[in-house]
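Quick heads-up: structures coming right below.
What follows is a pair of complexes built around chain A, which joins chain B in one and chain C in the other.
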Partner chain A sequence: MATAASAPPPALTFPRPIFAAVSPHPFLQAHLSADKSAIRANGRAAHEFRTPGVNTGSLTHCNGSAVVRLGNTSVVCGVRAEILREEDTPGTSAPAAVDASGEVDDDEINEEGEDEIADLRLLVPNIELSTGSTPAHIPGNAPSTAQQSLITRIRTLLHSTQLLRARDLRITHTPPTNASDPDAAPESELKGYWVLYLDVFFLSLDGCAFDAAWLSILAALKHTRLPRAYFDDEYEGILCSDDPAEAASLNLRGLPVPSSFAVFEGRGEGEGEKGSDWVLSDPDAFEEGVCREIVTITVDQGTIRRVEKSGGGVVGRETMKTLVKRAVERWGVVEKATHGRA
Partner chain B sequence: MATNMDRRRNNAPSGGTHAPVFARTLREPEYLQTLRPTRARGQNELRRIYLQTGIVPSASGSAYLEIPSSTSISSSTLIKPASSLKIVASIQGPKPLPRSAPFSPSLLLTTTVKFAPFATRQRRGYIRDSTERDLGVHLETALRGVIIGERWPKSGVEVVLTILEGDEDGWWGDAHASGSGWGLLNVLAGCITVASAAITDAGIDCVDMVCGGVAALVRNPDSKDGKDLIKILDPCPVEHRDIVAACAVGYLASRDEVTEIWMKGDVGSDPDALIEGATHASVGSLSVVKEVLLESLQAKFQKQIENSQGAQKRKAEDVEMTG
Partner chain C sequence: MVAPEVTLTHLNRADGSATYTHNGYAIIGAVNGPIEVQRRDEQPEEATLEVNVRPSAGVGTPRERHLETLLYNTLRSIILTRLIPRTLVQITLQVRSLPEEDTSAGVNTSLTLLPHLLHTAFLSLLSASIPLSTTLTSVLVAFPSSTTKSSTPLLTPTANELLRAKPIRSTHVFAFSGDRRLLLNESDGKFSYEEWEEACEMAEEICCKEEDQGGISLGESMEVDGAVQSQNLEKWLREVVTRKVEYEQRWKNAT
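What follows is the complex of A and B.
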């Protein structure tokens, strides 16, 4: 840094925030390679996640809602249910599946019925980042690429984990008796679907947007109660009962929890030399800015549901194994947080 | 529906969806009336205000305002009760304008007001509609006169408000209620108050604290001919069957100045009384804002004093720049 180097250059010193802003990479590396106490700039150890805080049911006009906090990241998710009438659905989408699932009550994945949710777009997840939550997303512009990719990742995870059951969303009707043939068993027919709008608003963003958004959706869906809907012959439409005792919760399939990791590639002392690497759990915005390789592992209890990895080649098979272990440990913590206060 | 197609977001099914209809709202009108909320406060009594600053750490200033609804949530029905008012304000900046922008001798203020899709009884879209733009313009007028913009030449500041839950235009059981826009006045007053708290939190110089307040003329439900009007402060439109006129102001209490007036309805011969009522309401909310800001300032300075005491120590802790 010193230009006129005749005398030994005076050591250049800065207060912490300025050092972090001027040269983020060496700043984080200095923290991580400290001998005695190797902690990240935010005071966490490399393996440490932020404790999730979950608060449900605060929004009036939603069937289910949740506020999730991960450190300085805070998210609101509202689930709103509206009705899609059968005559408004394009084409015929496996009405046969209805009769079967009316009686069959098991946890098996009903293969033929499950495409309904994706085909009819019964889940409408959307994410809004430009709420002043971060200086990078200023309102007034179209959704940024980051926001669009976040929405897509959330949607594919919703569909690939088959979190919701199509049976919970169907509205069926069984006519009392058939006048011409009183002996025939009444056949239930499909009258409509519940459509769930999942709106995720970021109040404050400090890294790990995907994890936070997903957790808020999960907590809100767990809290969601749909009123009992039935087809009314007199009204010739779908009506709902406002009795809370008749309302049903959604029967979610498992609890997939994503854990994000960022790989910090240390720089060596000399030219072309490679320093050591660190894998940081649950990176914050500052760390995300310095790291290139990001790994997101979604686990449910002990099984891996999805692995996403991009940006580099540091994480090999061995590292991946330890990351999965870390993600499984994280699952336990999140499971407690969503259950404890829900 | 196809015209509302937004290619950058996930869209609803193309057939369109309908909000659920509850059977009892159609079949039992008498039952419905039992759910109608009524005003329990006095004519000059405001609703309770909850305010907190500094809730968005990544912004330079932020605040959260909540006015809980006075009606208790009944557990015997799923029909949604009257909504409360919940607004988040976040300030980004002041920061330098881009090089391409023309020279500006004072701070450029941009206000954005957005309802969340779940903020109201009818679901809202993601693209800003005319109401939201209108509210944004009203808010900008209210704030522009307060900020001392000359101290930030060539810079801009973004004031972003997200309405998580908005006051309704009237009781949902009344057919004429929706679209009348009485609720918007409350939303605007809330926006002014919370934005002003956030601006102070951001440390932007202002001539005074601006605060929002609303007053309304309603028909007295107890009178016989229904011609008798009473003036109330901080009206909750859900609680009143007939609102005749309402007025929202942005008021600077210590200078006795008004930066913004929005008046609706048939004011009659004496509009000044209504405006004065609204300023009284804004003074009420100012007392809350002042207290909250004092508290947060105290917390801030406490930290600074501690830091300056440890200044000597910190000097030694300065990080040496290597690599």
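What follows is the complex of A and C.
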């Protein structure tokens, strides 16, 4: 295997795609260690990300939707809102307390009142890979470990960044008169919640599944408009207003943007010798197949929201510093892309 | 901090096993390997690794799949898989009990569980004599919100300490190899690079601190039965194994 990389006999030559398929690791190493122009097999420099393409509002029957492209990775995300009635929520959530915090909940982050989004599972992300989107995916099977792991990561990030405000999802009602004390002002009471189903569908997957899925969710949520829901006293149920002018957008907290990096560990000439290492931004599927160590840093403006790193020990404190810098730069690019057209 | 309690090789049907108890977390780990691998999973140049995490109640959920992925990635980097090609190493981790306050502590429960799972898996691998390239130690660091009075970082906090320090601003899990390389990091919350670096340094200190250096030590070297307790997790790990080996060789050494 190593002989094919270092010195193939003159008689034995491969065309490019065959070399890549037969020995992927030496193929990428040969690209990266080229003297003059060290460039990855996909034509990018080691630090170069793919330009994100964001297109929102392409699906008609959704409350919000987005198509995101990162090179050959293309993802569709649709947000559908459904109503969860207050009487259907588990009784332990103590509606009175929730209602009280709803009154207090101002613009500042109210950590106590935010538990209901996680507790009542008001956000339901799901990931599906379309048939033929990636060779690793066998259609018709139960979701693979990779898919389940991806959903968990998205769910965790949704909750830990507190992207959505519980106030936006609450459906409250203020009765015309106060039943207990006719003279006092009527108190608003909680009647239900909006539950958001975030369905992410991969049309094609060429690396960086998490980044693409998260960007599509972010763009779709930015574009989501919920109709005005109100409690009808005579009907004794929640109705939605038909007037699009009354619909409200979601007020998201910040814009957390993940950036993934893959560490390519070069092999030395001799047996057991270690070569130099490269950290590749935004790896594609071929590079992910060769690299073992993956680092994902989620940044919102200057602050880090999440760091995930596993698979090897190349990235230490020093390298992490440069990666954080790269992630912050990437945040600016993505921020422009999501605002530019949305 | 109390050092974790470990029983090694207590399941006699598995190739290697360990029970690990620390701060109310109890996990049983079992390793089978190298064993025959299914044709479809066989890799010509290295061993296949399989990690199963079973929760304390119910069946596995996507959360367990994610933990398995993290363990798989980390263990694959320390097991010398190329020495035992075309075989399978199967690691099963059963969570036996969690502290009562685990779910109400307000931090991501996968993060609080992860260091314990890593330790259990590593000790089980040792017990099964699977070839490893290095040791592995892991630690949890939590930063309470700066508005509360106790804003000093918590090192390997118990679930109760986390509950009392609520709200927690950020939690970090680090795993270090014996040669001080950062193998795994999961950080969650809101933090700057400087805070991350501080957490990383503290974790490295606990995981693989040199003997004669100053700084924070684990459990302030408690005297238990005349023997000085372990100073860092790496040393603790070695003590656990030494004790087991000495116990198994008691007949050989006595005669």
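Please note the rule applied: the second predicted complex is superposed on the first by the 312 of 342 C-alpha atoms of A that agree within 3 Å, B and C clash if a C-alpha of one lies under 4 Å from a C-alpha of the other, contacts with A are read in each partner's own complex, and residues count from 1 in each chain.
In this text, a residue touches a chain if its C-beta (ideal position, glycine included) is under 8 Å from a C-beta of that chain, and two chains touch if they have at least 3 such contacts.
This is a predicted model, so every value here is computed, not measured.
Q: Is this a clash or a fit when chain B and chain C both end up on chain A?
A: Here the two partners, once superposed via chain A, fit next to each other without clashing.
Q: Using C-alpha centres only, what angle sits at chain A with arms pointing to chain B and chain C? Round to the nearest 10 degrees.
A: One gets 130 degrees for this angle.
Q: Of the two partner chains, chain B (first) and chain C (second), which one does A:78 touch, if any: first, second, both, or neither?
A: first
Q: Should A:235 be classified as contacting the first partner (chain B), the second (chain C), both, or neither?
A: So A:235 only meets chain B here.
Q: Chain A residues in contact: does chain B have more, or chain C?
A: B
Q: Going by the contact rule set out at the top, does A:89 touch chain B (first), chain C (second), both, or neither?
A: First partner only.
Q: When the two structures are overlaid on chain A, which partner does A:30 contact: first (chain B), second (chain C), both, or neither?
A: First partner only.
Q: Can you work out, in whole Å, how close the C-alpha atoms of chain B and chain C get once everything is superposed?
A: 6
Q: Mind sorting out which residues of chain A both chain B and chain C touch, each in its own complex?
A: In chain A, residues 148, 151, 155 are touched by chain B and also by chain C.
Q: Spell out the part of chain A that touches chain C in their complex, as residue ranges.
A: Interface residues on the chain A side: 111, 145-146, 148-149, 151-153, 155-156, 160, 292-294, 302-317, 320-321, 324.
Q: Mind pulling up the chain B residues that touch chain A in the complex?
A: Per the touch definition, chain B meets chain A at residues 8-26, 55-59, 62, 69, 75-84, 88-92, 95, 110, 112, 114, 116-121, 123, 126, 158, 160, 162, 164-165, 314, 317-323.
Q: So in the complex, which bits of chain A are touching chain B?
A: Touch list, chain A to chain B: 1, 11-16, 19, 22-23, 25-27, 29-30, 59-62, 65, 72, 74, 76, 78, 80-85, 88-90, 120-122, 124-126, 128, 130-135, 138-140, 142-143, 148, 151, 155, 195, 197, 199, 201, 203-206, 225, 227, 229, 232, 235, 237-244, 247, 267, 269, 285.
Q: Help me check something: in the complex, which residues belonging to chain C touch chain A?
A: Residues 62-63, 65-66, 68-70, 73-74, 76-77, 108, 110, 167, 172, 177, 181-193, 196-197, 200-201.
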